[in-house]
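Both complexes below contain chain A, partnered by chain B and then by chain C.
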Partner chain A sequence: MTKRAAPFLACIGLLVLWQVASLALKNDSFPTALEAIRAIPAILGDKDSLVNFAASLRRMTIGFGVALAMSIPLGLLMGRSRIVASFFNPLLMVIYPVPKAALMPIIMLWLGVGDFSKTLVIFLGVSLPVIYHSFEGAKAVEEKMLWSGAAMGLSAPQRMIRIVLPAALPEILTGCRTGLVLALITMITSEMIARQSGAGNILFNALDMGQYDTVFAMIIIVGAMGIGLDALFERIRAYLVRWSEPQFDIPLSFS
Partner chain B sequence: MNARAVTSDLVLGLVPIALLIAGWQALVSFGYAPLTLLPPPGLVFSRMVQQLLTTTFQLQIAATLFRLFAGFSIAVILGVTVGLAAAVSPAINAVVRPIVRVLAPLPKVALYPALLLLVGFGHQSKILLVSFDALFPILLSTYYGASSVEQKLIWSAMAAGTPSWQILFKVVLPGAAPSILTGCRISLVISCIVVFLAEMITSTDGLGHVLVTAARTFQAVDMFVPLITISLLGLLLNGLLELLRSYLLRGFPEA
Partner chain C sequence: MIEIDHVSQVFQTSARQDHLAVSDISLTVADGAFVSILGPSGCGKSTLLYIVGGFVQPTMGVAKMKGKTIKGPGPDRGPVFQEFALFPWKTVLGNVMYGPRQQGMKYAEAEAQSRALLEMVGLKGFEAFYPKELSGGMKQRVALARTLAYHPEVLLMDEPFGALDAHTRTRLQNDLLNIWERDRKTVLFVTHSVEEAVFLSDKVVMMTRSPGRIRQIVDIDLPRPRRRSELLLDPRYQEYIVEIERMFDDSGEIELSP
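Moving on to the complex of A and B:
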């Protein structure tokens, strides 16, 4: 019981801390937690902002989905074949420290400010951790299981799907969880750079126009989105890998 | 693995990078992409060398590096301290755990407007954002590293008469070192990315600012230069950390 309630208590504690801090600072641009919470219904009730949220979520889902569909097979192949691994590893190492959302201005020049460039940026941001974790997961699969599979007449693609994929699944899902956090971050940042629609657009426009209540209310909403998606993913993960030993229950967040 | 295998791996790894650059050059030479949108690789690299030699550009790099290191150091100090404290004291763990659970999946970029309003547009807001983003991987890996230190080692130290606060520094901290350094490595890449993004959002100097200025004036060549520079910086810092790691972990069996 207390274990379930602890994150809620932490939320409440943080909000109380905020309230006390803002009352103590008495800064015009730092509204109290209550004021920010009071501004939330106005945003959620507005049709325009709901359309924006839907657009954000749609781009994120597409980018995340396509990234998973391409990165997991690539990562698994890299984990099982040394040639594929040494082919892709240096390239990925070079791309890894590039801030993906910073590619936005360049991609905008080529593809415009529409959905496609933002989805592409999200895709790029999600891919790398998923590839990396699938790679590590596939590398750690026990050889004996593969040999037994081969001895029982499974072909190479079958072994990949029936043995390597399930064995690497816990590790892959860790990568997906990191990818989920990254997808949110790239989503917000790309919308901040190309302000055309989306949650990041509302947030940074409010900042520029000095609507501080809205800024802080949006921070709460985006934060709740992150925590909610993470909790949902954790449910799915717990179901998919219910046979495995419980691993780290807190993700290592990349951003 | 013998030397020849390493060389052939290296050659194979260079192929996709070479293909990428060749493809880039081909796009330009065959006229699929106008020069204003996609400058040829030669032009970009010569421009980069030329920029790296100017004082103004070096000052921008220095500004970025200063923020990066300040934020990263805060994250390391705070993350290792809190992680260790949570691992050794159940009371602290009970408080820290739910807070981390709530804050880790939060997209920290969304907090940047709040930081801007609170501490202003100078160095502080960017440094805070970097340390906030880099904190959680270090904290979590310290926590897991410290909690997986073998109990027998602690018991033998106690049996040998080591006072308990010395056990923390002589047994637990070195035992957790490999895990802590892995966390630092993840955080370093994150710091590179975040400092760049923060400078893109609001700044008057730094590499991110160079990119935004170039984007506003449609100088495609100048847009690539800061991006490549930050990636090279990321690779370089990663390499330095790797050296530090192999020095610090020289006594460990398979680090």
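Moving on to the complex of A and C:
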């Protein structure tokens, strides 16, 4: 009971702290928690902002989906083939520390400021942790498990799909969970840089216009979205890997 | 019949040096025989088993199964590993059904056969469990059933009871003998336990320390079906154990566990 209530108590504690700090500082650009919360229904009730949210979620879903569809097979192949790994590893090592949003100006220059560029940035942000975890997961698959499969008559491609993939699934899903949070981050960042539509667009437009209660309300909404998506993903993850050893449990979750 | 013909195996160590694991081994295993390969750890006895399994290609020499050179793994040779190597995402029943289903058996038939096998290895009622919910001994029972399920002609057992406690180990040895004495598959059984080798086998192949060579082959001429309670009272059983242990002692290779 206390375990389930703890995250919510933490949220309330944070809001109380915010309220007190805001009242004490009396700064125009720092609305109280109550003011920010009061601004939420107006945003969610507005048709334009809902269109913006839909655009954000669409890009995020596509970016995340395409990233998984490409990164998981690549990571698994890298984990099982030294040749594939030695080809892609240096490449990924170079890309890894570059903030994906920093590539945004170049991508925009080449591909425009539309959906494609933003989705591409999300795709890049999600790909690396998913590739990395799929790679680690595939590398750790017990050789003898593959031998057992080979003795039953599974061919190499069959072993990849029917043994390596499920055996690495707990690790893959850990990467996907990191990827989901990164998708949200890159989504907002890309909309901040190329303001056209989306949740980030509402947030930064409000900032420009000095509507600070909207800014903070948006931060709450985006934060809640992140928590909600993460909790949903964690439910799905826990179900998919219910067979796995408990070392893969991630206790840090709202689900 | 399995023929191992002048097989040597060289590994590259992490320091990029060649390490001779198995040196010039020739061995013939007759159909229906229970043969143990006994030796100190690191003597290449598992390597020899992997070569027969087709999981490792010998550097020199050939291994043959029914006169045909072994080029890769196949369902005619079923491995059982010390590490169990079960599929953790499959239930106990799912694991046992995996081989027959892969071989194209109908679901209902595979299920019925697998349930019967699980009953035989003493796991009735555990069909829906996941491997993580089982003890080591139970996992190895599942692994044995999983391998028996696709009817290999040869069982390749790689220190299958090495990770188990003494009590569980004894029970599994008894059960393995019961199962084996029913259908007499060819078994190649790797162990470092003298007592285990003598108890189970028709033939004990003693290996030397690295590089592994055959030191001596001892025929175990004890009556079957064997019962542990009877064997422990049989002086010939004790003599085999003492004889084999003494041979290892003479060569300074005393790091065999009982």
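To be clear about the criterion, the second predicted complex is superposed on the first by the 246 of 255 C-alpha atoms of A that agree within 3 Å, B and C clash if a C-alpha of one lies under 4 Å from a C-alpha of the other, contacts with A are read in each partner's own complex, and residues count from 1 in each chain.
Note that a residue touches a chain if its C-beta (ideal position, glycine included) is under 8 Å from a C-beta of that chain, and two chains touch if they have at least 3 such contacts.
As the structure is a prediction and not an experimental result, all values here were calculated from the model.
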item	value
Chain touching more of chain A, residue-wise (chain B, chain C)	B
Chain B versus chain C as contact partner of A:N89, first or second or both or neither	first
Touching partner for A:P73 - first (chain B), second (chain C), both, neither	neither
Which superposed partner A:S244 touches (first chain B, second chain C, both, neither)	second
Touching partner for A:A151 - first (chain B), second (chain C), both, neither	second
Shared chain A surface residues [contacts with chain B and with chain C]	none
Contacting residues of chain B [partner chain A, same complex]	9-10, 12-17, 20, 33, 37-38, 94, 97-111, 113-114, 116-118, 133, 136-137, 140-141, 144, 183, 186, 189-190, 192-194, 196-197, 200-201, 208, 211-212, 215, 218, 220, 223-224, 227, 230-231, 233-235, 238
Interfacial residue positions of chain C with respect to chain A in the complex	50, 53-55, 72-75, 77-79, 81, 83, 85-90, 98-99, 102-103, 130-132, 146-147, 150, 152
Contact footprint of chain B on chain A as seen in their complex	6-7, 9-11, 13-14, 27, 29-30, 82-83, 86-91, 93-103, 105-106, 108-110, 180-181, 184-185, 188-189, 192-193, 200, 203-204, 207, 212, 215-216, 218-219, 222-223, 226-227, 229-230, 248, 250-255
Contact footprint of chain C on chain A as seen in their complex	142, 144-145, 147-148, 150-154, 163, 166-167, 169, 241-245
